[in-house]
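Common to both upcoming complexes is chain A, partnered first by chain B, then by chain C.
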Partner chain A sequence: MDRETIKNKILTIFDEEFEIVNPGENEDLREIHGFDSIDAIELLREIEIMLDTELTRDEKKKAMDIRTFSQICDYVESLSADRG
Partner chain B sequence: MKRRVVITAASAITPIGHGHDDITKSLTQGISGVKKIRKDDVLTDKVDAGVFGTVDYDIPFDFERRYRKTMGPVAFYACQVAKEVLAASGLSQSFVTSGRLGVAFGSIHGSPTVQRNIYKNFYARDGAGYSSIGAVDYLKSMVHTTAVNITRTFGITGRVISSGTACTTSTQSIGFGYEAVKFGLADAMLCGGADEYDTTTVAVFDNLLACSTDFNDRPHLTPRPFDVDRDGLVVGEGAAAVMLETLDSAKKRGAPILGEIIGFACNNNGGDMILPNKDGMTAVIRQGLECAEISHDAIDYISAHATATKMGDAIESQAIREIFGDRPMVTGLKSYMGHTMAACGAIETVMTLYMMADGFVAPTLNLEQVDDRCAGIGHVTELRETDIRIAQIQNFAFGGVNTALIIQRPE
Partner chain C sequence: MIKRTVDIIATLFLWIYFTLGHLFFFLPAYLLAAFLAKDRERAFQHLNHLFFRGFFALAQILIPGFTLKIDPAVTRLHGSVIVCNHVSYFDPILLIALFKRQKTIVKSDFFSFPFLGWNLKLSGYLPATATGSYTELVYKGISSMAEYLSSGGNLFVFPEGTRRRDGKMGRFNKGAFSIARKCRAPVQVIEILNTDRLFSPGHALLNTCIANRVTVMHKGEIDLSRAQKKISTRELIRQTRRIFKKMPSTPETIPDNDAR
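Take a look at the complex of A and B:
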């Protein structure tokens, strides 16, 4: 899955699931959009559905440090690459 | 420290309307909120009961997503009535967040709709279901979901009480809130209860042969508290809330006073988990009167628990007759809307406040011929224009929990 596809899918998830429309690439999602730890867990579930895979506990833990939209795209890109 | 405690705001979402005007219209015009049960994909085809006390009108839930995301339907109801009560009370935002306002609010078991979806995910996907449980599912379905969604949404930082004692849940909420304010543990308490549309609750009572089934094709004719043809309870949904504060603070800030709570009691039968118990009922009523420091003949009106089960209504009538005789007016308000479970005590309290304010007593709906076993008490069978000075709201729950709440019209 290429970067642009990932970006568009995450934008759709943000819009539909979190009512956050077009967040800035490097905005702090928690500070600016109130995206909290509950939302992060929900996003991981959406990513599992998107990639049709189950994330490991370590992979999920890594996501807890993510703060920006750009970092989310990096994270999904990495997961996608690992799974071929 | 003993302080006088008054109610300065009230609101309710019920099968017969939302707020004072809709509800009093239904109570004075004999309009029932019982409808045919909605079909679902789990239980409605497996239960005999075919009716439900239904909130079938639109309610403008306009909470921001950051608050909505942890609310199941039951918490939506709770937060909506809490919002209305906070607005009507006129309490300042600085007081609301000061730590001196607490919340006493409950439901019978969180959001059953969310719980049902959790179990559907668990068992429908051959072990792959676990990861599909949402991060917020527990927050929506935990037993104190109503109370803590209220505190989060409105920034309330005082004490939290979340009773979950089935049909006495919200009478306990009001009673425990009353005690917290009376004894100086809080300066104000937002109290109430809620429950959502839920066929699993219907199934529980249906399985115990406690649900009404004879009127499935004529929902408005059931439940029939105290009537010779009553055949069981009707499960319902709804929510109600009241704001309690000290008489002194209410007077000081010129707040409207809807009523004063002068007594509360709660006890347990110490025996059977299901069967009604006259000794437990009479004991809690006497304890309530003692708390209020009034004689039994000071009570003008009783909002009876009156679920319309054969045995429950008969035993409750015996208890009322033993203590009060036939002097106080008695209404079974569940006749209008079914048994709204955790919400019933608070809804019946709010309805009693409305009747106190407007000078009328609603009759028990569908009470056409009083069962001999329920006779000898002051049944109200027609609308009465009369004053209520002191009223008692009594509720009884599975597990043998009994409550009596006594409220007095403002001076």
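Take a look at the complex of A and C:
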């Protein structure tokens, strides 16, 4: 999955699930959009559906340090590459 | 002097029930539930419910001026996200005593306490933070929440996150509302009155020598399953705040014959 596709899918999830429209690439999602830990867990579940895979314990843990939209795209890009 | 002595004795007895009661009367039941129960989470929630029912029954014996008045509409609640004001440490244990099937969001540090942490995990309660070792726990809790709510369980949350000492309504965290929205579960708004008069923030002893009626009232409902359009989390919070403000707090509206 290329970066542009990932970006568009994440944007759709943000809009539909978290009511966050077009977040800035490097905005702190927690500070600016009130994206909390429950949202982060929901996002992980959406990512699993998007990639049709189950995330490992460490992959989920790693995601909790993510703060920006750009970092989310990096994270999904890396997961997608790992799974070929 | 007499008041202080009575406060100390009542507090001491309730602490003894809380600690030794857990150890000698309930620990064997928890162990049995942990190893034998088909639905361990449900069994642990039920045991917590019984334990705290016992706690409040004992409190009413030890503190003659203390009575509980529970709105029957509250005890009937099921399959809901229940949001409540928070004025005392007694609030969460009172809600556990009221609901046989209950989950809540708990300060993460408590999950590392011996026995308490084990109990919280097996009861399916959620840590307030999802970082580090708590990620998997929150992930499992959130993933199974829709099924839990639709099977009749309640999730109760204090959206202000902490006890209020000024009587004003604080800022709401959106977690509970995101869960309700995602699971399309009804949001029930309830209010607890006077637990802070019994166990005041900043005090170690219970305040026992006063007439004190602790009341739990149902103030309203937002039924998301019936909403035609998907309601936003922000709107859900706005409607909840409106319900909290809407009615004056009048325990007299609850019929006396339903007082527990």
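The criterion applied here is as follows: the second predicted complex is superposed on the first by the 84 of 84 C-alpha atoms of A that agree within 3 Å, B and C clash if a C-alpha of one lies under 4 Å from a C-alpha of the other, contacts with A are read in each partner's own complex, and residues count from 1 in each chain.
The definition used in the following text is that contacts are C-beta pairs under 8 Å (C-beta built on N, C-alpha and C of every residue); 3 or more make two chains touch, one makes a residue touch a chain.
Keep in mind that this is a model prediction, so the values were computed, not measured.
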| item | value |
| --- | --- |
| Chain C versus chain B on the shared chain A, clash or fit after superposition | clash |
| Which superposed partner A:Ile38 touches (first chain B, second chain C, both, neither) | both |
| Partner chain(s) touched by A:Lys61 [first = chain B, second = chain C, both, neither] | second |
| Chain touching more of chain A, residue-wise (chain B, chain C) | C |
| Touched partner set for A:Glu4, first chain B, second chain C, both or neither | neither |
| Identified clashing stretch of chain C versus chain B [20-28, 38-46, 92-100 or 110-118] | 92-100 |
| Shared chain A surface residues [contacts with chain B and with chain C] | 19, 34, 36, 38-39, 41-42, 45 |
| Contact set on chain A toward chain C in their complex | 17, 19, 34, 36-42, 44-45, 57, 60-61, 63-65 |
| Interfacial residue positions of chain A with respect to chain B in the complex | 18-19, 34, 36, 38-39, 41-42, 45, 48, 54 |
| List of chain B residues in touch with chain A within their complex | 65-66, 69-70, 131-132, 134-136, 139 |
| Residues on chain C engaged by chain A in the complex (per definition of touch) | 128-132, 135-136, 138-139, 142-143, 173-175, 178-179, 182, 232-234 |
